[in-house]
Amino acid sequence: MTVALSGKEIAGQLEGKFPGSIVESGRDCIVVNSDSLLAVAAFLKDTQGLDLDYLNYITAIDYYDHFEVVYQLVSLEHNHSLVLKTRCYQRDNPTLLSVVNLWQGADFQEREIYDLMGIRFEGHPNMKRIVLWEGFQGHPLRKDYL
Amino acid sequence: MVSNYGYIGLFLVVAILFTVTTLLLPVSLRFLKIIPKKPDPVKSSTFECGMETIGKSWVQFNFRYYFYALVFLALDVLVVLLYPWAVNLRELGTSGFIMILVLIFIIFVGYIYAWRKKVLEWK
Amino acid sequence: MEVGGAGKYVYPAAELDRAEGEAIEALKAGSQQPISDPDQWLDEELHRNILLTTVDAVINWARLSSLWPAVSFPACCAFEFITAEASRFDLSRFGMEIVRASPRQADLMITAGTLTWKMAPNIKRIYDQMAEPKWVIAMGACAISGGIFASSYNVVPGYNRIIPVDVYVPGCPPRPEALIYGIRMLHKKIAKRSLLQEG
Amino acid sequence: MALKTEPFVLNIGPAHPSTHGVFRMRSTLDGEVIVDMEPVFGYLHRGIEKLAEERTYTGVIPLTDRLDYLASMSNNLAYCLAVEKLAGIEVPERAEYLRVILAELQRIASHLIAVGAFLNDCGAFMTPILYMIREREKILDLFDMVCGQRLTYNFMRVGGVSQDIPEEFLPALRRFVGQMPGFIDEYDRFLKENEILLARAKGVGILTREMAINSSAGGPVLRGSGVKWDIRKADPYSIYDRFEFDIPTGAAGDCYDRYRVRVEEMRQSVRIIKQAMEQLPSGPVRSEVPHLIHPPVGEAYAHIEAPKGELGFYLVSDNSIAPYRCHVRAPSLINLTALRDMVVGWKIADAIIIFGSIDICMGEVDR
């Protein structure tokens, strides 16, 4: 049974290492502010007890006033998973840090989020549209897309 | 003896007839307007899975393909010469057999040379 | 073995993508109206003379009994077409068992699947590169009118926006029997064809 | 002396017989060896996630059929599990067993096409795939009996299954389950030690264990590299914890191992169907669920072991009748992440085989 790590307990550990990085910690997810995302992700991936080395998926949701990007991380040996969330509030050109260097699986998923939702990921080697063509106007999955 | 050459003559005629008809058939059908003819530039461009071709393909590629072609050519000529010999082996008798052995030996020397020089290894 | 001169023949990916994007936008702007189906000669009275009928019959029989489909398999209908080709529904009874990868040797395009605007220039190019006389079967609801995805921003509402279509086979995906019925209707259509109006 | 050679760009493009749909590999070649390869998708992007936001929860089910059109039953199952988790709906016992039987039948059908197409790419042109389509026709007849459709079934509903199975389904299923292991042994007799297949597939396109985990591959691609990770065992959903079956894994992570994993998985699926058939209880097949479901505000993620990997649905609801956001975790798209590293350095013929061994379905890649 994949144990969903409780957000509060992990947030407690993270608060010690990265003060001020935790925005909110729900029952089974942690919301991290976007600029300390890479540090927290690297910590989650490398520490001995956690080693969440398998990135399950990345998705983005448009809540009109902010975008929420959800990462689900799984550890294959310990069989536990954790949901990591960040929010970015700019609307016209939202940018986040890319986690491709930590998990190569994020490559196409981040490009797809950029293509359909419009969130750019800094540090991504090949940041361009993946499913639509170059001249396409707008980002279809946004709520205000006609 | 004549009938043998007669057969070869017949074979030659049929061969020429066949090639000429297959070449002239589309031209004549087009002339009789059975095959519709609608040339357009896109139709004559090269097909690459529905995309335009990118860049040039007249590029300098690896030299070793040439060695493959050479070794194939040598052995292919040997096979072509073996067929008629193999068909009438009994009439040619031992003299024919000796001649073929000489031919095979010559090609064999070339093959051993290519093998020793490691021509087909892909470094 | 160093690989030199890369710049000369290899164009940067961004430039290629932009060119492809412009081609798609141009085609999208240009094809807002469906192209009329090429069967206007079916119903008007045909003035045939006797000499040509036997020639017509022989040529039409030769063409309709060896229609070779071209490869244009975007989506789910492709697998109904493959099972129609396979041993149970056996399209080779109609001389169609070879699916030609290159459009040069194909004379029938079975458009099995949803057409998106990104794929539209490619399908149009393959259709243009097919040798005359050529026919098109629009297989599946997506091919006829965009089907279940008609309201999507990236789906072409029907192949007849891009290429003239001869026979429409409804269904999502149409069963192999429906496809074979569609192919039989195309055979009837080809049998009515005469050399006079082609000339 | 260095042989100066110049690369040129070749599109193994959208309309290509061996790209399993409309997938394009823009490869830079040096002679025959691939120097660089950039996968291009989007030729089948129908915007299913956008369309899902304008349909009711039940209306999205036909959309999920067309995601991975070779495993529609598994897509339905994953979506229904996600909605049931979101809305907290119970599923009756008989429906759970029917779902397991149909999902495992769908896994066999999908693996048959995957293995057939892989052998087709290896050069065994049309012979093995015609045998395997013959078996797949038997499975499609079973599905036809159950829900009247051959490819896009739209059979499962939130809270169970849309209708009960006809009474001639179980005898036909028993006959199929009796024959199927014999067919799989028949393939093995032809292909297990076939020296052409061994020469073409063994040691080709190695995906090491670390690379597989790092590029979050899933399903037979991950298990082919020796990682023992199967959602049916790791995180058992519906009633998979009541059946015993084992998980085949490969060793070297090459094309041959992925092929062996898929053939073994077909045998395990037959074992599961046998056990599920004996324990099939009677009773209702669907719990009372209002036609228009209003799940509470919140989000839920449910994943299953689809034939191609871990297929998951991430649903966000705002207490309206339509999903606020419906993200599909597409195993085929994520399995392709490592394609470039596996292909560079090999020849084109090997690249086609490596791509075939990953076994993608374009409906799921482009959504």
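As written, the chains take the letters A, B, C and D, and residue 1 is the first residue of each chain.
Just so we're on the same page, a residue touches a chain if its C-beta (ideal position, glycine included) is under 8 Å from a C-beta of that chain, and two chains touch if they have at least 3 such contacts.
No experiment lies behind these values; they were computed from the predicted model shown.
Across B-D and A-C, the chain pair carrying more C-beta contacts is B-D. Chain C has its Cα centroid 43 Å from the Cα centroid of chain A.
We define each chain's centre as the mean of its Cα atoms; on that basis chain A and chain D are separated by 26 Å.
Chain B and chain C have centres, each the mean of its CA atoms, that are 35 Å apart.
With touch defined as above, residues shared between interfaces to two or more other chains in chain B number as follows: 49-51, 54-56, 59, 62.
The multi-chain contact residues of chain D, meaning those touching 2 or more other chains, are 3-9, 13-16, 26, 30, 42, 45, 47, 50.
Looking at chain A, residues 129, 132-133, 140, 145 sit in touch with two or more other chains. Chains that are in contact with each other form these pairs: A-C, A-D, B-C, B-D, C-D. By the touch criterion stated above, chain D contacts chain A in their complex at residues 41-42, 45, 47, 49-50, 211, 213-217, 227, 229, 234-236, 301, 303, 310, 312, 314, 316, 324-325, 327, 329, 333-334, 336-338, 366-367.
Those residues of chain B lying in contact with chain C across their complex are 33-38, 40, 42-43, 45, 47, 49-52, 54-56, 59, 62, 123.
Against chain C, in their complex, chain D makes its touches with residues 2-9, 13-17, 21-22, 26, 28, 30, 35, 38, 42-48, 50-51, 54, 62-63, 66, 69-70, 113, 129-130, 133-134, 136-137, 140, 150-152, 362-363. Note for the complex: chain A touches chain D at residues 1-2, 53-57, 59, 61-62, 70, 72, 76, 79, 83, 103-109, 112, 116, 129-133, 140-141, 145.
The touching residues of chain C, counted against chain A in their complex, run 14, 17-18, 20-22, 24-25, 117-118, 153-154.
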